[in-house]
């Protein structure tokens, strides 16, 4: 399967603030959209995890705001799966302008798998096939 | 019990848009905060409905944007329970500036009660005491 | 020019609330996305109005929540320009499911044109050509 | 002047997602509310910077999600000004439950000062008095 390339989306008016740029809290939303899109591309959609009774919360998130983004602009988000362990996975992201010549934002997030009781589970144990598919997507740095 | 007076809150930076005023989508959130606060005041908190297995969605919402509101301003929202039927209730709202001399926004919402299967229920039948309490709060127009 | 058909978008995880459906405040955002997309299609992008020094706020908004919408679902929004006057315009919207067989939401909004001082202007006077283009888009009910 | 203690706020319904907890993107908003409240307490309100022609964007943000937060819960956010340089400042935050016995979230943010052209300025040069007030608020780690 070919590598997922990027998630593209344009900036909405309601995502700006009175500085006339995207409010910083919206970047976490853009990154989530990108993750959801990437997981769907790799045939592991979030909905499938939910049907199996798992949720995938964010454990931590690091965001570096390099350049502001304006209403009407289009961004391209390139995700990379950095690391997968039985209980966690780590993603990094580059948000580019439409031409992919300027870096707008750099981010990293980590996630775990919780069952219906919000207890951590080992994906390796409960869904070994999914775990292996995830593991195969890790990119060398 | 004394009538609920108003819900007061100040405007956050992230609620502004590039027009430098509160984005219109946030008013529905302010009205929800006001409803939640009012229901708590009247000892019918939303959490109590949820524990009993009911949710209270919005059926319709009418909003009139009279004057824009800016970051740092404080608004006071005066709700009024207009009508209660066995299956629905109707609320109207006035959003004022801090001094309550200017009307910023006028709104009306209607709501119903759904059970855990998202089916409408008659509050009068399933929770007659709560229904009567609700009914006693209706104000003459 | 062919009539604008619909605005399509899928529902994001962050747009759900604890009822597991789209929070009602997000519909105003979907409608705004649709308006922005339609204006761009008709070669009257919001950015063009902004460059000329005008903003286009919402005057009022009526929303009827017919059926809830879930994460991962796709909606199609069909807008219609109902009326254009020198100082205002009126739009109605139908939000459908992806197959366009179910009505999820019905809405109406009205808007005016403000100059840089937030004073209403007559589009007919200040931008007669744009006004006529707008007027030509009105659909008979 | 006594040290700023904490920023208290309760969680709104619209801040939850379908996991029935606060969506992670909202934490950046809570932290902003806390910063704004703290700056006002120290008589350096954000509005004052804006009137002087400066904006204070976020440069980076690190967030660690320790425990989920639910609708109706109240949190207390304790900020600390870690470091102030002529062009930047660094804040860390602890978000606690209402009783301040459980840590819900840990965060760090850094910020700079931009002029009306979005160019970085040295607060020490342009507003030496404000800079000194800021510097006096730094807490030893």
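Labels for the chains are A, B, C and D, by order of writing; each one numbers its residues from 1.
Quick note on the criterion: contacts are C-beta pairs under 8 Å (C-beta built on N, C-alpha and C of every residue); 3 or more make two chains touch, one makes a residue touch a chain.
Worth saying up front: this structure is predicted, and the values here are computed from it rather than measured.
Taking the mean of C-alpha positions as each chain's centre, the chain lying farthest from the centre of chain A is B. The interface with the greater count of contacting C-beta pairs, when C-D is set against A-D, is A-D.
Taking each chain's centre as the mean of its C-alpha atoms, chain A lies 25 Å from chain D. Remark: chain C and chain D have CA centroids separated by 35 Å (rounded to whole angstrom).
Contact of a single residue of chain B with at least two other chains is seen at positions 13-14, 21, 25, 29, 32, 71. In terms of which chains touch, the assembly is arranged so that all chains touch all other chains.
Partner chain C is touched in their complex by these residues of chain A: 12-14, 29, 32-33, 36, 45-47, 71-72. Interface residues of chain D facing chain C in the complex, by the touch rule stated above, are 13-14, 16-18, 20-21, 23, 25, 71.
On chain A, the positions that touch chain D within their shared complex are 19, 21, 24-26, 28-29, 32, 55, 57-65, 68, 118.
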